[in-house]
Amino acid sequence: MIRPTPEAAEPPLVGESVGDRAGQHDQQDESDQDDHFHDQCGVFGVYGSAEAAHFTYLGLHALQHRGQESAGIAVVDQGRLTMHRELGLVRDVFTANVLSRLSGDCSIGHVRYSTAGETHIKNAQPLAVDYALGSIAVAHNGNFTNYEETRELLESQGSIFQSTNDSEILVHLIARATETNAVDRVAAALQRVQGAFSLLFLTNKELIAVRDPHGFRPLSLGRFKDAWVFASEPPAFDLIDATYVRDIEPGEMVVIDESGIRSYRPFAPTPRKMCIFEYVYFARPDSMLAGVSVYEARKRMGEALAREAPAEADLVIAVPDSGISAALGYSRASGIPFEVGLIRSHYVGRTFIEPQSSIRHFGVRLKLNPVRALLEGKRIVVVDDSIVRGTTSRKIVKMLRDAGAKEIHMRISSPPTRWPCFYGIDTPSRSELLASNHTIAEMAKYITCDSLGYVSIEALREAVGGNGFCDACFSGNYPVPFTSPTNHRRQLELAGL
Amino acid sequence: MIRPTPEAAEPPLVGESVGDRAGQHDQQDESDQDDHFHDQCGVFGVYGSAEAAHFTYLGLHALQHRGQESAGIAVVDQGRLTMHRELGLVRDVFTANVLSRLSGDCSIGHVRYSTAGETHIKNAQPLAVDYALGSIAVAHNGNFTNYEETRELLESQGSIFQSTNDSEILVHLIARATETNAVDRVAAALQRVQGAFSLLFLTNKELIAVRDPHGFRPLSLGRFKDAWVFASEPPAFDLIDATYVRDIEPGEMVVIDESGIRSYRPFAPTPRKMCIFEYVYFARPDSMLAGVSVYEARKRMGEALAREAPAEADLVIAVPDSGISAALGYSRASGIPFEVGLIRSHYVGRTFIEPQSSIRHFGVRLKLNPVRALLEGKRIVVVDDSIVRGTTSRKIVKMLRDAGAKEIHMRISSPPTRWPCFYGIDTPSRSELLASNHTIAEMAKYITCDSLGYVSIEALREAVGGNGFCDACFSGNYPVPFTSPTNHRRQLELAGL
Amino acid sequence: MIRPTPEAAEPPLVGESVGDRAGQHDQQDESDQDDHFHDQCGVFGVYGSAEAAHFTYLGLHALQHRGQESAGIAVVDQGRLTMHRELGLVRDVFTANVLSRLSGDCSIGHVRYSTAGETHIKNAQPLAVDYALGSIAVAHNGNFTNYEETRELLESQGSIFQSTNDSEILVHLIARATETNAVDRVAAALQRVQGAFSLLFLTNKELIAVRDPHGFRPLSLGRFKDAWVFASEPPAFDLIDATYVRDIEPGEMVVIDESGIRSYRPFAPTPRKMCIFEYVYFARPDSMLAGVSVYEARKRMGEALAREAPAEADLVIAVPDSGISAALGYSRASGIPFEVGLIRSHYVGRTFIEPQSSIRHFGVRLKLNPVRALLEGKRIVVVDDSIVRGTTSRKIVKMLRDAGAKEIHMRISSPPTRWPCFYGIDTPSRSELLASNHTIAEMAKYITCDSLGYVSIEALREAVGGNGFCDACFSGNYPVPFTSPTNHRRQLELAGL
Amino acid sequence: MIRPTPEAAEPPLVGESVGDRAGQHDQQDESDQDDHFHDQCGVFGVYGSAEAAHFTYLGLHALQHRGQESAGIAVVDQGRLTMHRELGLVRDVFTANVLSRLSGDCSIGHVRYSTAGETHIKNAQPLAVDYALGSIAVAHNGNFTNYEETRELLESQGSIFQSTNDSEILVHLIARATETNAVDRVAAALQRVQGAFSLLFLTNKELIAVRDPHGFRPLSLGRFKDAWVFASEPPAFDLIDATYVRDIEPGEMVVIDESGIRSYRPFAPTPRKMCIFEYVYFARPDSMLAGVSVYEARKRMGEALAREAPAEADLVIAVPDSGISAALGYSRASGIPFEVGLIRSHYVGRTFIEPQSSIRHFGVRLKLNPVRALLEGKRIVVVDDSIVRGTTSRKIVKMLRDAGAKEIHMRISSPPTRWPCFYGIDTPSRSELLASNHTIAEMAKYITCDSLGYVSIEALREAVGGNGFCDACFSGNYPVPFTSPTNHRRQLELAGL
């Protein structure tokens, strides 16, 4: 398989490395990447505004937390499709000059998550191609679980691949479909892929928004004057003064063209399985997903945590930013005062060059610093959203201990993360997930905290409003069946079975 | 006077604009700059470590909140002085390549605040020159109140100026002094300048740290193994695993060379007048200044605010990040629950390109978004640190109102800002300071909040531990006398008298 | 069809624009592009050297005159294919850092010509894809005359296109072929394309070099120690100290793999039709093509020109650089002394920003300046290689006249260019070719020279060694038949019939 | 003394390294720098045109051969001085954006030569400062022979230095002068410096052009509509359609302000000593200096060379570009045909990354390639302008020999270069000058040519029109006396005495 130049950042297409800006990102290295789920992707779309690309740019900025690796916008102007995508943050990729060239009244955009290491390198989006019926661009949040077998099948039929981007199988399926219009072809192609997908398509004349039947990833519809807008999360509407209308339903395909907006259901009915981890970590706290406030859900997780894993302590602090709402909930339910005991730096983002003189838990220090005056001699509850490999938690505990904390009680606002995700989150294999192979007591010992407590899966479900969620990462209950030997093998491998 | 190319970012020297990176910064525009005090400067120094420049780079990163416009490091290697400075953030200016060229065991560094508009353009530091006794570099946090008359005097004596950097008068004074060694010349030169200064000097063989007699700006001494380190704020020591030793005293000059460290007092005894606003806004919450925790001081301000300006409300929120500690204090003292009602974006920094379709309070939206689920139908106390022109507060109030807040009670954790600062803070003239010309009621009306309350100067003083502070921005009591007609005139002008 | 952002430089793939470096090239504008054939493409390959990419980089540098728009190198290391391509000159695209990542012992590279305007935008090469049998990269010099109908056919069969790059149809044909190994698939695919092609393919284990049956474009084989090298022109071997072995024959396919080098003839026998214009303009003067020295051939053209179009004159000058050898030949045959009457700037390359105050024939002035001391009062023979639209010639004549030349006799070292090229040269349509619609007298009048003379086609043929050349641009005798209505229509259109 | 970061390219000021663009130039390395005099500097100025900066930019482009390291332009707009300077070529430094910010109707500009290695690093110009009478910018071509003692004197009087730029002493002298207007101060300051200088000054209201009393470096006056223009060489006028008026005379100071243009003679009368090497190598062949055509002078050198150092040979070739006119002269006088036997690459400029596999005379190969078809079996006369260290000549001879040349007769169009230059040319010390320590026969042996011949000093003088030239590099007759022990010592040192 073609590979980009080793260590190179995400290339526009597999097998191709890019220029200066990429070089900078070679060094991108979130210092705590070893121990957190990574962001994933965000999509945004506009139909019917003279400033479509500009609004998409602002919308992507509001979704930047879902992906910092690359950003791209495709736009249609009088039937002609233009695209710009590049490695980097939205604010860096889209200069006034670039934006001015993206004229047109329909637009889709994409931000992509940042990971390090060759095996994680995926590709910038949107992907745009020409095929028999014209041009089509696609922005994808999610993951096709039958990508590999579909790619192999397509290759055996004579298809060429220029990336390892999931979406490339989709455009091949569309190009090979026999339906006579783009909408039907998209529907036909989608019936051949499985897994998690919130997708925006831009053709020469339509904008199509689709959410997979399980509705793993969020996708919302909004209104800005006469234009329709789509976003992974509703706060992206706030930024551009658009109004949230409703969520795209699981299994729904919304098509907008000159004749208006209409909705299809091209999939068999399936139970909703929205990703519960969006509430725990991914989504913005100011988001409302499936009618539930992320902030309030997190506070409820913290409250449940206080009940299920109480601690004798002098104060509650959070690992910022994701742990803050839950820490406030814990404080509220326990009566233990909340304080901002760890200060987060706003200026991290790229690798800092580590000195030769070793500095203890260097990576964490760059991001977080303890407020010694608060912590000295105190018994501390530290609330975090999850533990992946445990290395960052271990560093944080040491840092707090160095700052004078007398006792450290680590509390996690979700259940133990024991299973890898196949639906769009970049998780390590089971063998690397600390909770897969260790008891809570062993974990606490590794992390060197005085106690470790998790919220129960039941309480988590209650916090987010009950049923209809995929919690495979906690429970191992994967909603999408294993469809092929390859797929199955890989799944087992990751799952460590 | 020579000017840099108009609209150009901060040039290395006046009259000179710089390359690509500068171009990017052309667009730098903190979206809420209209209504907050700006950061100022930070300095860091190392004497006696093989990785001096590397530690300075990390120390400057920890001081990045004090200045985002430019960063620079000077280093001495076997008596030879080398320097690198550039516009941009520490992480961008100092690549592995640049750092590798800055070998040497003594180093000083500087970060500078970012402002917009030609009149605010100052110059990158350190400033490094050759003169009769060798080379000298200087990093300066503060402002000389007699800069203009001293420059005029020096020019009349045949001096040339290549910048509008305060520090340039200082090196001229050092070069023109008649003492026979660098330390004595520095002491002599410092007796001819007035105002606020925390200074680090690097000569071919010494590192000199000085704090002005009033001690306006902070400066701390630390220890890293055998090396001595200096930083504007102690958390910069934390990042590199160095230990805080003590503050440099107001009026103290510390000299380190081969023969060791020693302390001088080259100034007449003067009452300490440390900037009280460091506690209110500038300093990191994890800083300890003059023995007082900034975080704790802010919490006390919030508590006093709750007593002095109570409100009937359902929840207390902060304008992040500076208002958070005070909001927690307000919540604690009032019993009204604290919530994170405004989410701050981590990805702002440069100007975002505003669309033509007007978006209400666009600038604030890029940085802050309300958590609607929390605010809807609620009576809100919003805690902020200060009000300058009032425009940002007004936008925040509107944004909260749009998000459903029923009542909005704005509470400020410092007294009304009525007077300009002449000691290193970039404040507007009196006529632009909202509190200079309006009653509290008028201000509340302008800001459109339901009520507006400030903390009293007495309570503020108590929160920071009593006397010994400059609070001229609140009281108009300027500790440094007017020394010349020019100086006086300018001061009156800014003061609107 | 998807288009790149308008005015953007050549994107890596159609529909995609690229970063900073591209932005610079937005402005690329050869000042005399209005009146010369443009460079086309150059390819270079290495099989079996530990520094394959490095040698390819140097080889591409020696071929830089054949294309300044983009440069790319693909390399295979233990069966894995890596690629880097970018807009810009070889020296700028391939930094030490980039080269160090291109490890492997087989490599192909490509430089591409620079044109302006959207319709001329083609795509960077090599093109690299994955397909059923593995990875394949291709570097192409030439043009497929049946590109459009083949693309349409492929699209109708479900192929997607990510560029408007000729080579993309080739990789689709390879991917859809049914042969079971790469070499046979390449051969099969090549039987379905028509036109001009000198191609290098790199697979996971083979390097394949092919020249079309007519041999329109040059391609040579060389030896460097144990490695085999390929280059569009032999001087590229000189640079790396390799030895020229022989030309790849028209219709020959050379395959190198672990088992050695072997030659195939996958095409029906066809008369050689090498591009005669390579001798007139494209090739380096130090090249030897088909056994004929380009320098000597040009001198013979100049000698013939002196015989066929003599002039009473005081000196012979050339339009540098391409006209120099012919001008020496003219001087030799006529006895009129040769002088360097026009000085060429070495620093042109990008657009210079034209002042508002109009400067006469600005574009030409940036590149050329007359030596007034030589020209004043003299009768001048000016030798150039060809006239396309006539605008540059007109400017040169005026410039010489301004410099004091008394008479100007323009002499062209090729016959009138009357027909467009379909075999890889970017020529305007017939209606824009000055010689298509005007008599020599009319042309002279337009150009404002005192006389205009061309070399005859017979003399040109003799200068390059006789038969076996495509001279369609002079004669309209196109060696490749019209294969489809589309193709025919387009050809007629360009040909103005 | 402060030094810039080691290996860094030329910083704007000593002690300061600059950004990205500089980084690229780190690698700048003219491949044959070991064996040629380097270019030096070029200046250009405009008084009284609305597009002053734009014309200066174009003028500097025409002078680019005199310096490729840095480029800068200062402009005055309604009394305010603005400046932009940067490392790089004129075309790269001055983008449309930068130019648009340099509004004003008076302007001066500068290009600076490129050298490698720390000791050669000088500083970008213009230099611009504020002093008692306002602002002043200066662009300098030449070298002050009393720089070191003047700097020491100024430092002892309390001056600070921010660069090692010659011009910095000049602005100190101006600032310390007691005259009450800028023109008189400039005149006074100039009486205190010695050596070679063609200077342009820009003040808030005047443009001042001065040439040292010996007139070492050229400086011409031209007219463009109502504006006055100045340039190091007249072809810079051609580019902007300006008309050459006359040379600035040695010892003349021309002042232009609102009231018009006037001429002063602030120096004692001195014999003209124009640099003869300008004719041999520096100047453009299309230049007319002191009324003598450089092209014609070079041809006369070549003719003299043919007479004084004849050779039995089949053809005459030049080392391009500087040797071409002389080679034509040699050919004319000897009757041996001239051919272009070495092809020069247009794409060199930065260092090419050398492969590990050694390539014979790699550096020269990048720039030059022999035309084998011409050279094979031939006896060749190779004309070059000078030999410095001899290493490049040696490589060229080997390259020609490899290409089949039977005999190689190296002919140099100037006398042996035996003495270093103190007047603005960057030459090695005597010990490194091959001709200082070797006989012609020894040199020929080192260079491995069959014979070596030089032109005599008498013939050279005749070629350039007789007397009034500084030929110290050939004769050791230095026109400026040794003024101080320091100066003398250094001079002796360089001279190897």
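Read from first to last, the chains carry the letters A, B, C and D; within each, the first residue is number 1.
In this text, contacts are C-beta pairs under 8 Å (C-beta built on N, C-alpha and C of every residue); 3 or more make two chains touch, one makes a residue touch a chain.
Everything quoted here is computed from the prediction, not taken from an experiment.
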{"item": "Given chain A and chain C, the chains that contact each of them", "value": "none"}
{"item": "Chains touching both chain B and chain C", "value": "A, D"}
{"item": "Chain at maximum distance from chain B, centres defined as averaged CA atoms", "value": "C"}
{"item": "Geometric centre distance via CA averages, chain B-chain A, whole Å", "value": "36"}
{"item": "Chain A and chain D: spacing of chain centres that average the CA atoms, whole Å", "value": "59"}
{"item": "Centroid distance [mean C-alpha coordinates] between chain D and chain B, Å", "value": "47"}
{"item": "Pairs of chains found to touch, sorted by chain label", "value": "A-B, A-C, B-D, C-D"}
{"item": "Contacting residues of chain D [partner chain C, same complex]", "value": "49-51, 54-55, 57-58, 61-62, 64-65, 68, 89-92, 94-96, 99, 225, 235, 238-241, 284-286, 288, 293, 295-296, 321, 324-325, 328, 332, 337-340, 343, 345-350, 352-353, 355-357, 359-360, 365-366, 369-374"}
{"item": "Contacting residues of chain B [partner chain D, same complex]", "value": "1-8, 12-23, 74, 80-86, 97-98, 101-102, 128-132, 134-135, 137, 155-156, 158-162, 171-172, 175-177"}
